[in-house]
Amino acid sequence: MPGIPPSRYAYLGPEGTFTETALRALPAAARADLLPFSSVPLALDAVRAGDVDGAMVPIENSIEGGVTATVDALATGEPLVVVRESLVPISFVLAGRAGTTLDDVKRISTHPHAQAQCRGWLDGHLPDAAYVPALSTAAAAAGLSVSGDVGYDAALCAPIAANRYRLRVLADDVADNPFAVTRFVLVARPGVPPAPTGADKTSIVAFQPDDHPGGLLELLEQFAVRGVNLVRIESRPTGDAMGRYCFAIDAEGHVAEARMAEALVGLHRFCSQVRFLGSYPSAEAPPTTVRPGTSDAAFADGRAWVDRLREGRI
Amino acid sequence: MPGIPPSRYAYLGPEGTFTETALRALPAAARADLLPFSSVPLALDAVRAGDVDGAMVPIENSIEGGVTATVDALATGEPLVVVRESLVPISFVLAGRAGTTLDDVKRISTHPHAQAQCRGWLDGHLPDAAYVPALSTAAAAAGLSVSGDVGYDAALCAPIAANRYRLRVLADDVADNPFAVTRFVLVARPGVPPAPTGADKTSIVAFQPDDHPGGLLELLEQFAVRGVNLVRIESRPTGDAMGRYCFAIDAEGHVAEARMAEALVGLHRFCSQVRFLGSYPSAEAPPTTVRPGTSDAAFADGRAWVDRLREGRI
Amino acid sequence: MPGIPPSRYAYLGPEGTFTETALRALPAAARADLLPFSSVPLALDAVRAGDVDGAMVPIENSIEGGVTATVDALATGEPLVVVRESLVPISFVLAGRAGTTLDDVKRISTHPHAQAQCRGWLDGHLPDAAYVPALSTAAAAAGLSVSGDVGYDAALCAPIAANRYRLRVLADDVADNPFAVTRFVLVARPGVPPAPTGADKTSIVAFQPDDHPGGLLELLEQFAVRGVNLVRIESRPTGDAMGRYCFAIDAEGHVAEARMAEALVGLHRFCSQVRFLGSYPSAEAPPTTVRPGTSDAAFADGRAWVDRLREGRI
Amino acid sequence: MPGIPPSRYAYLGPEGTFTETALRALPAAARADLLPFSSVPLALDAVRAGDVDGAMVPIENSIEGGVTATVDALATGEPLVVVRESLVPISFVLAGRAGTTLDDVKRISTHPHAQAQCRGWLDGHLPDAAYVPALSTAAAAAGLSVSGDVGYDAALCAPIAANRYRLRVLADDVADNPFAVTRFVLVARPGVPPAPTGADKTSIVAFQPDDHPGGLLELLEQFAVRGVNLVRIESRPTGDAMGRYCFAIDAEGHVAEARMAEALVGLHRFCSQVRFLGSYPSAEAPPTTVRPGTSDAAFADGRAWVDRLREGRI
């Protein structure tokens, strides 16, 4: 029946991770089936195959991997687009079974990256606790839902995992950097981009024509001359035998806006290939800075002026 | 009656100069009235007023002045456009009255700039000749058409002046730099530019929005990102109290071509004012270099791609 | 006793990974103690603390994580430098216990990223095999060294792990992309950089003074005007409350070379902070391209010329 | 006897021009011999030959020519340097013989460029006066010092010329643009530049290595990355058979300052030739803008940092 909202979403599993947290924060997720996948490529392929309506995957600063894997998986294969991004604060809880107290904790399990991000806290609060690596923060939590000795007494995990596995929170806001956030994106099959909001991002992957000196500068000038700010850039090996690079770029603005459209036309002319990964609302607050001379009206005025010149009406 | 070609042209006088030489080289000048004016601004005003159909004025490397005057006169006032440019080799003749021989020449008259450009020749051939400054090379020649002692025995002038005043050529190809040429432009009231030839120039005057550091770089990037080469640039004080500058720029290509049109749109957005001074065939031979990704087709392809992105057809 | 080579190296564990493979390829590792650490930050802190002489960690394209973690761990804390980089082909073996044949394999364990990179091979050769996620490729191999059913029949792992755990190789060269390599770096405490070889890299992390438009362009121009090529760039959030970015950059050349030294002086002037992460031999073959005017001699000539200008000897 | 100031200066004549006005404004000119020359190249050659200690010549916006001639004459031949620049307001007087009144003026003589710059005033005050071209504004004034009818009743000239020839000023402040100024430079043989004042200019002529696209941008980046502002740029044909260009550039700052020295080193590396035309106090008031990170101290700090890196002291 037409009009029914999308009802199945993939995410980088397992259950109980920050990725699931990001997905559940979406209103559309409330009535949807949420399906964990064991890797980003598998989650994205489920979108490509039409098995799900979208996939939530990490794109920056991830605890449990997936960043470069996500960029690489979007840069090749059947086209997909980002339709939404989410920021989730990276703050762990230390969780144990009912009855456990902080003093009881001699052995802690979590993913190695999570352990690395909480070392300061652990040194301060549980300096003598042993560390047991886990496949994911969620797996560490899940283990405690089984009875008997599982090799550790508490798990450092996302709040959602403690809740999911009915664990007791022994400490919360566990993180050495209180500002740490992870960025996630919701990926879907190509379609008309979400309407511009005035605070949007556009993501692309641009393949350089060759490796001549200054090539990256020329590529970035395509944005700069239209007054488009970049918010992220990352070079990635293209994976072929040539040792060449592509650039994953997030820029402020929306393809529906003239300055972004012109920059993309420029990239399309300049690059051997440009992959459009979507225009979507930015998860951060501030609206796009529109510098003088870069509004849609300024582009339209300029074009009308040139049209007049061509007709001799100066 | 429609179809009648333009029939009156102004030029920077007096008669017998290289400017007249440039004008007479035009086929259209054969059946036209050619009117000398005493300054570039006066010649251009005659075009603005409709008194003449065009004006030939010097724009580079001039012997008898007018370069910056020409740029300044085009940069302000009612709009005018260049419709043609001409290159004239700067080679003088030494001319005297009938019966005069080179040995008779004790005093030579010409414009000071011409004298400066022939000093090597004069030192080698007539080291003892005195110099008598003249208002123009043509005026020096004209003087010899009057009988009696006019204060000098020979004139360094354009070949056309020797011919005009029926003087005897005592030496030709007089010039220290055998490659010296002067560039002239034919200026007309605005109209549809001459059709593109594949080897065209476009002239503009761009006024910077302010004097912030790197402003010129940003301006030039508008050309560079579209693959448009510059062939001339000159900063000029704007003449107001602000100490600001404008830039007179000649670039390769035609406003009818996409890459030039896009560069002009960019300048229109970026600059406080852009004055279009015409697209016209280049007097030099080589056609415009079209770099990969800057053909009209490349621009059209890029735009079509962005149009598809906006509609979700990736 | 002086002259004794470094004798203890850390690496991102566990044993049997590609990181250990990279470390063992170093001649210096032959007689050294090699110590696995559970995370990149822990391995680097062991270097900082003086517990080890260096640490081998992944820096690009990693199977088992660590890329952004490595950059972030080098960008903060006590300074460390890269003294060597290594490229290791990413080619897995499928390994089982003695007596196992390919036909026996119904369940395969490996790290999720490894599984993702071998999906094509798995679909073609073992389409019906179940997947059991492991903490690392090496952990999957290690599991098979224990007797009894460990929940899977074969491990996708590095050749070194199959050898370490005396497993039988059921298939080798398992990888969907035959060109895949992972880059590792050997990190040490600051010291005089390795001598220039003519094919070196310099790594830095540059912190932008602010987020003004075009800031990245200005930063990259510091390299471009000295003819220094970039080989990698990645923006990273700085992790403070400001939402600011830093840039991890690898450039061709060595700090002992004038063009790189000048570029670094420029960055030091321009950026709010620059962190030098070392100059070291490039793992790829080709020597640095020295463009005209960027040799040490060209810099010395230019400086000598300016010195003469200052003294009036023109 | 040592310590005696220079005592002979050349200038672009004739006597009574704005160029003489500029020269007489110098304190050093008070006790010096001032020698008019008929062209800029002749005046400069007198400096080269040691016949005079310096030459005052026009460099911008000139009434009586010489701008491009000056640049071209400085760009070739034995090196010369600018040691001082002067700005002279371009304001004419209308001068006649004793007893002449404005109503008596039926015929006016002056240089054509001067007439062009006063057309508005003339149309408003003496719309019916005939125009008689003169070789210079000073020559027009000088003519009136001869008794008898010289063909005109009044001269438009510099105030100095009216004074020199004891003419009566019939109107002063005659100029259509009240802000018009002409820039002059005092040229000398090479020597230690005048000491930096904090508000200096440096002039150069840079010859491009070839005509590749974007070459000018790369040249200008040498200034931009060191935070050096440009105040004038002009492309000039090099005068050889190749159709190549050089660029005459005035930039803010002094060769004794690090940022200018570095920019010059960069140009020396990048260009096929760079001609240094001097560092000298700017005639305009405002001191050079020193952007953050471009002070001498910032350069010294950066260099000291790189020196430490090379020694491993991070």
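Going in written order, the chains are labelled A, B, C and D, and every chain counts its residues from 1.
Definition applied: a residue touches a chain if its C-beta (ideal position, glycine included) is under 8 Å from a C-beta of that chain, and two chains touch if they have at least 3 such contacts.
Keep in mind it's a predicted model, so treat the numbers as computed, not measured.
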Practice problem: Going chain by chain, each one touching the next, work out the least steps from chain A to chain D. | Solution: 2
Practice problem: Please report how many Å separate the Cα centroid of chain A from that of chain B, as a whole number. | Solution: 57
Self-check item: Mean-CA-position distance for chain C and chain A (Å)
Solution: 23
Practice problem: Please work out the Cα centroid separation of chain B and chain C, and write it as a whole number of Å. | Solution: 59
Quiz item: Which residues does chain B have that touch at least 2 chains other than itself?
Solution: 221, 224
Quiz item: Which pairs of chains touch one another in this structure?
Solution: A-B, A-C, B-D, C-D
Quiz item: In their complex, what parts of chain A are in touch with chain C?
Solution: 38-42, 60-62, 65, 67-69, 112-113, 115-116, 119, 131, 133-135, 177, 179-180, 211, 213-214, 216-217, 220-221, 224, 227, 229-235, 237, 239-241, 243, 245, 247, 284, 289, 291
Quiz item: Hey, which residues of chain A end up touching chain B in the complex?
Solution: 79, 81, 190-193, 209, 218, 221-222, 224-226, 255-256, 261-262, 264-266, 268-270, 276, 292-294, 298-299, 301-303, 305-306, 309-314
